[in-house]
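Quick one: the structure is below, questions incoming.
Chain naming follows the written order as A, B, C, D and E, and within any one chain the residues start at number 1.
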Amino acid sequence: MARFIKDRKASKGQIPGSLILIGRQKMDQSILNLMEYNSKSLVEIELKSIDEAISTKSPGSVSWLNIYGIHDLDLMKQIGDLLEFQPLLMEDVLNTDQRPKFEEGPSYNVVILKMLRYDEIEKKISSEQLTLILGKHYVLTLQEQLGDVFNPVRERIRTAKKTSRLFDADYLAYALLDTIIDNYIQITETVGRDIESLEERLFSDPDKGLVQEIYTLKTELSYLRKSVRPVKDLIRDLLKSENSLFQEKYFHFLKDLDDLVTQATEAIELYSGMISDHLNIYSTNVNNRINEVMKVLTIFASIFIPLTFLAGIYGMNFQYLPELSFKYSYLIFWIVVICVVVGLLIYFKRKKWL
Amino acid sequence: MARFIKDRKASKGQIPGSLILIGRQKMDQSILNLMEYNSKSLVEIELKSIDEAISTKSPGSVSWLNIYGIHDLDLMKQIGDLLEFQPLLMEDVLNTDQRPKFEEGPSYNVVILKMLRYDEIEKKISSEQLTLILGKHYVLTLQEQLGDVFNPVRERIRTAKKTSRLFDADYLAYALLDTIIDNYIQITETVGRDIESLEERLFSDPDKGLVQEIYTLKTELSYLRKSVRPVKDLIRDLLKSENSLFQEKYFHFLKDLDDLVTQATEAIELYSGMISDHLNIYSTNVNNRINEVMKVLTIFASIFIPLTFLAGIYGMNFQYLPELSFKYSYLIFWIVVICVVVGLLIYFKRKKWL
Amino acid sequence: MARFIKDRKASKGQIPGSLILIGRQKMDQSILNLMEYNSKSLVEIELKSIDEAISTKSPGSVSWLNIYGIHDLDLMKQIGDLLEFQPLLMEDVLNTDQRPKFEEGPSYNVVILKMLRYDEIEKKISSEQLTLILGKHYVLTLQEQLGDVFNPVRERIRTAKKTSRLFDADYLAYALLDTIIDNYIQITETVGRDIESLEERLFSDPDKGLVQEIYTLKTELSYLRKSVRPVKDLIRDLLKSENSLFQEKYFHFLKDLDDLVTQATEAIELYSGMISDHLNIYSTNVNNRINEVMKVLTIFASIFIPLTFLAGIYGMNFQYLPELSFKYSYLIFWIVVICVVVGLLIYFKRKKWL
Amino acid sequence: MARFIKDRKASKGQIPGSLILIGRQKMDQSILNLMEYNSKSLVEIELKSIDEAISTKSPGSVSWLNIYGIHDLDLMKQIGDLLEFQPLLMEDVLNTDQRPKFEEGPSYNVVILKMLRYDEIEKKISSEQLTLILGKHYVLTLQEQLGDVFNPVRERIRTAKKTSRLFDADYLAYALLDTIIDNYIQITETVGRDIESLEERLFSDPDKGLVQEIYTLKTELSYLRKSVRPVKDLIRDLLKSENSLFQEKYFHFLKDLDDLVTQATEAIELYSGMISDHLNIYSTNVNNRINEVMKVLTIFASIFIPLTFLAGIYGMNFQYLPELSFKYSYLIFWIVVICVVVGLLIYFKRKKWL
Amino acid sequence: MARFIKDRKASKGQIPGSLILIGRQKMDQSILNLMEYNSKSLVEIELKSIDEAISTKSPGSVSWLNIYGIHDLDLMKQIGDLLEFQPLLMEDVLNTDQRPKFEEGPSYNVVILKMLRYDEIEKKISSEQLTLILGKHYVLTLQEQLGDVFNPVRERIRTAKKTSRLFDADYLAYALLDTIIDNYIQITETVGRDIESLEERLFSDPDKGLVQEIYTLKTELSYLRKSVRPVKDLIRDLLKSENSLFQEKYFHFLKDLDDLVTQATEAIELYSGMISDHLNIYSTNVNNRINEVMKVLTIFASIFIPLTFLAGIYGMNFQYLPELSFKYSYLIFWIVVICVVVGLLIYFKRKKWL
């Protein structure tokens, strides 16, 4: 399966708006976790069905329903119907290769973006699609699989003081987005540190494996860019949305998200430039080493090949070869050898090959 | 014939607006297929002439007339006259190298774009020009040759339920465009998978054929980009058109097409970057291998050329060559040989050539 | 003389607006051809002077005066005065390195652009500046030399039917521009075909001359881009001009020109990318071949240099060299030789050098 | 730690707006320096607490409170509360990897940017975050550590004449920004000089260390760009701010800052291009040298290897080898040797290898 | 000193707006030349002080005061005071590294740009800052040193006819700018010609010096671009200025300057691309030559090294070596030699190395 785009073959022949999961199903059974709280109480339960969420809903409290697993199409259809989704919207939610985007409905706001994970051993980034639906008094998050970056937010809800902004559903949505984007920066930093750490090896010990590492980091940066860059547009759309459910007093917070994404994007571009430089430098250093190897060969060969010829002459068996019987021949031979060696060494020294 | 632009030599000396087919004629005889349906009935027939379509037209139903083969200039002229086309518009339809575009007329909308095909064996993308003309109650599609991506839509029309949106001609047009653009994503995915699969061979087995494969994929990406990128403008033009025949309730669907094209375009750019990286990496690896080959040569030559000279000395036939008669000469010779070998091996080890 | 910019040294020290021909004079004597026609009659004559054109001008007919040769400064001045040109405008006309542009005057529109020619043998594009002046009932074209791409238009005038749009001067101007831009596409197609045809040689027979061909095609593409790209701005300026003499019913035709120029520009960019790729691929292939040559050398040298040393040992004339008198020495020598050869061949096989 | 982006791991699980220092703490104890002055008097004292600043504040005078060390979170919280900071703003101040930006509050303007330092020996640029808060009658600057570029401003305050613009707090803020940006230009000039000075060594003595120097300078330019480029946006935001505390008479001064940043940015881009060229040139020169080394090797080897073979023939011990006993054999041998040498020299001369 | 940016170290610690010359002082003594003229008379004198200019000023005439040498800070201050310059403006004038810009004051327009000179022998462009101040009835030009491109304008003033536009101060300013920009085109043409002339040497005789020439031309193009590109913004600012002193009837002339600068900029970009291509081609050709050298070496070595081994075998002194006494050994030896040679030649021929 291609990593940077997912085939929608499954959806061919389907009416636009029909529900099909594009991507792999990542878990067996959907899990629905509800946190319902106000300044007085907090209820945390695992629901069996989406109906339960509605029946237990008490006015004046904020509900955060988090669903792990989006492969249960009945459940998804139920949610779409319940929220009176526009056609196609649920299709976007189920297309796990959906480009990050913001959609506004009559009574809800939808944010679709990627939640990233970095496997430090494999040096691979993996992504999971997160859909965040914000209503007047609730937040609904849909994840592909178990495990997320939201634990700090959960902890904060549990320990929230009376005046906490978390009692506003829109602030809760912001806090979740903030956690996701913070995670982008963290992953960029990790990849960046790996890239910077290549520098030393580039000059001291440029083995062949380095090329592969450079290539892997380059690819991961592309993957990171693909996930992070569209979030910038998303937040801008959100900021100028007319049906936004975000209160104006929290606009400042959204602008801060914009700053964070800009920062991540700029760092990604910087590291892209740097990793390209690494490849160029590596390539230049390989040529430098070829040059060095060639010099050693040339020096050895240029000195000893003529001398071998010289020795070869007097190894000939011609009957008439006057030097053979001359007494000082061998002495003269050595003098010539030394002259040739010294002469060539001076020549190479002058050429700065030594 | 150039692949990325088609000569319009044929049209030189012609009055602009005169009908000439630019490109190859791809089939012998035009085929006219009509689907006419409403919530009660569905008629599917092959027509003999365009007049038949008008005569059979019943009010309150949607007609989709699909024509394979655009080389029949009389037929084309007839269509142009019938729809009261602006001058030049039919010329654009017949120019199979036409840049994808949207045109609005007084009573029709015209969309010209490319329908792509990917030959998985030849690894070549071929394209066919598709013209979609949308009227109040009809859709007219013109194709260069038999075979298209529309079968799922046909199937859906046949099985459409009473409430289907397909009873709106504009929705039908959207559904056709959606199928074409879905196909772009699918082809991008296929090409992308081919590109990603090169990675492994790049490091394990970088043979010479790889360069040609890289080149071919690069060219196909260019071809893909040429066909897909202008569709973005097309859809934007369509969205802001004043005479658009698309109902506002379907604008959401058109925006979704915009998203899909953006996604395809971004993936194409990503893969373009990746395939360029592949070439760079390949090139660096070739240099690495030159370096390795040179090292082997240099080690062999540097060790054995001096030794051959040494052996050459004592192969000389000088009458006066004292070492020849010295008893331990041969032993010393071997000691010297071993010293030279060991010394050079240490030297190369230090240089990390071994 | 530089090909991509022309020195204006000649104009230094001149009052801006003074008439000097920048560029080479390309013919001896200016030739003035007049076509004056309406739905009833057509007059084609060669004039002696510009005054004649005015005196013969009959109301209700369209006049197309085409002048070959713009070096006759008196003639040019006369034209400028006659049309009440703004200062500097005639200077632009005479500067054959003028950037393509559109200028609107009180009673005329001026379009300056390049007419291209492709020498298929020399593989060189040459350009000639064309000035088109459109008035209410006349078109005036100024060319540097004999020969142009307008013959099809002439033919159409001669055979024009009663209802021809050619009886509008603005349509005539459009038709001329269309011919020029059609010619851009044709030349782009020819250059593109040459570029695409390099592909095969790139992989089968990458000789040294190929680099020069690549370089030449790259330069011609630059030349083409320099001439074509500004025409896009020109047409946009023309479309939004307030004093445009083009009737609104022909705006559609001008937009079509815009499409054609966009298409040519995009193809030029595509081919620029492709020719750059060609150079990269060529360069990688040269390295591949260096690698191959090196392998052959290394294999030969690594096998036979050690063996020569071995033979050298037993060619030494030491009196005490026990192996010489041992009966099986020569046999053992060959066994050793075969072992070395086989061992090295296995080693090279493993390294995939064979 | 990555140099181009800082992990915000510490802030995870924190409520947005909570105060955490992101980055290293660079000093032990915060130092608060107050300059309070008007046209009559100047007070310079080191404060113990922020409260002191308020208590000593006399109306009609300008106060500049400079704080070295931002790690004291209590102090920072106190400042935030005192100035009634919007939530998140103090978080930005404490994030030492904050992207340069301008924020306007109801009664204050905040500018966050980088103050750079260039270590001429290590050839490394280091940066320190500077926060400048401008109120009606005060300027508050927050620095990470001791040492800054503000001494000239301090000196000017001390020697200010009655009419000095420094008696306006906004002018003081401008003067401080001016000093920081002047410092950008100065550092760009230093780095640029280093880059230009490489040119000579590039052609005369291209040793291996040069690659590392090129790499280091490239990285420093990236660092410089990252710090300087966003300042352009910052100043534009400042200029179009609605709650700006800058008087209109000083807008001219702010525009001048814009010019300076543009100039620095353009020079950075120019030097980036130049240093990339340096790497290319270096690489080409390495190849040139490989070529030269190869030529020397080829000439020596091509001349002497065939000759050695020739000598080898007559060193053979065949009993029947007629030339051995021929009297002029040795003479002919030398003639052949000389012919071969001369022939090959002519051949190499023709190939321009000599 | 860095060539592309000038340190402003000198200005540190100075009040913004204080007058310091940034750059080298290029002459000893300022020279003030006044041309004062109307349709009746012309006065050309060298002034001693700026006051003289005012005292001699006669109404109804245009004054052009040209000052060579801007290092005389008293003089500069006097001018600034006289014209009631905004603060900082004179600082910009004295900063000889000022980015080209247009400033409008209440009663004056200021244009700061570079006047270029091309040293044809050193192949170096040098620049000099020119400040042009336009008032109602005067033009004031400030130059760094003696020598300029204005002589043609001076000549035209001297020979101006009654109706000359030169009697308008704004036209005079235009004429001066026109001369400077004409000079840009001329220098671009000279550099471009040098670049184009490299082409031939690139393929016929690619010596090492060529790299340095390419590098030098690349650098000069950067320098040219740095000086010319911002002039585009300058002229646009001038065109949309609200306090412009240029009469509307001369707007056409200013637009023409815009065209000229665009043309120069485009040519600079074209030549930048071409010179980069040159470097790439050079590099590819070096590799081609390495390949060729390697082939010669490999052919010689591969043929003669095995043969030398063969000869070496029969040079061994083994007592038992049957071939030695065999009569046809020597003949067979030669047959083997010829077979090996022919075999290898065929092999190399097939590989297209010969």
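Going forward, a residue touches a chain if its C-beta (ideal position, glycine included) is under 8 Å from a C-beta of that chain, and two chains touch if they have at least 3 such contacts.
Keep in mind it's a predicted model, so treat the numbers as computed, not measured.
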| item | value |
| --- | --- |
| Minimal step count in the chain contact network, chain B to chain D | 2 |
| Neighbouring chains common to chain A and chain E, by label | D |
| Approximate Å spacing (C-alpha centroids) for the pair chain C, chain D | 42 |
| Distance between the centres, which are taken as Cα means, of chain E and chain D, whole angstrom | 26 |
| Multi-partner residues of chain D (at least 2 other chains) | 283, 287, 290, 294, 297, 301, 305, 308, 312, 315-317, 321 |
| Category of the chain touch graph - line, ring, star, complete, other | ring |
| Successive chains along the ring, chain A then chain D then the rest | A, D, E, C, B |
| Residue ranges of chain C in contact with chain B within the complex | 151-152, 155-156, 164-165, 174-175, 178-179, 182, 185-186, 188-190, 192-193, 196, 199, 202-203, 252-253, 256, 259, 262-264, 266-267, 270-271, 273-274, 277, 280-281, 283-285, 287-288, 290-291, 294-295, 297-298, 301-302, 305-306, 308-309, 312-313, 315-322, 352-353 |
| Chain E residues within the chain D interface of the complex | 1-9, 11-16, 86-88, 92, 97, 99, 101, 205, 208, 211-212, 215, 218-219, 222, 226, 279, 282-283, 286-287, 289-290, 293-294, 296-297, 300-301, 304-305, 307-308, 311-312, 314-317, 321, 323-325, 327-330, 333 |
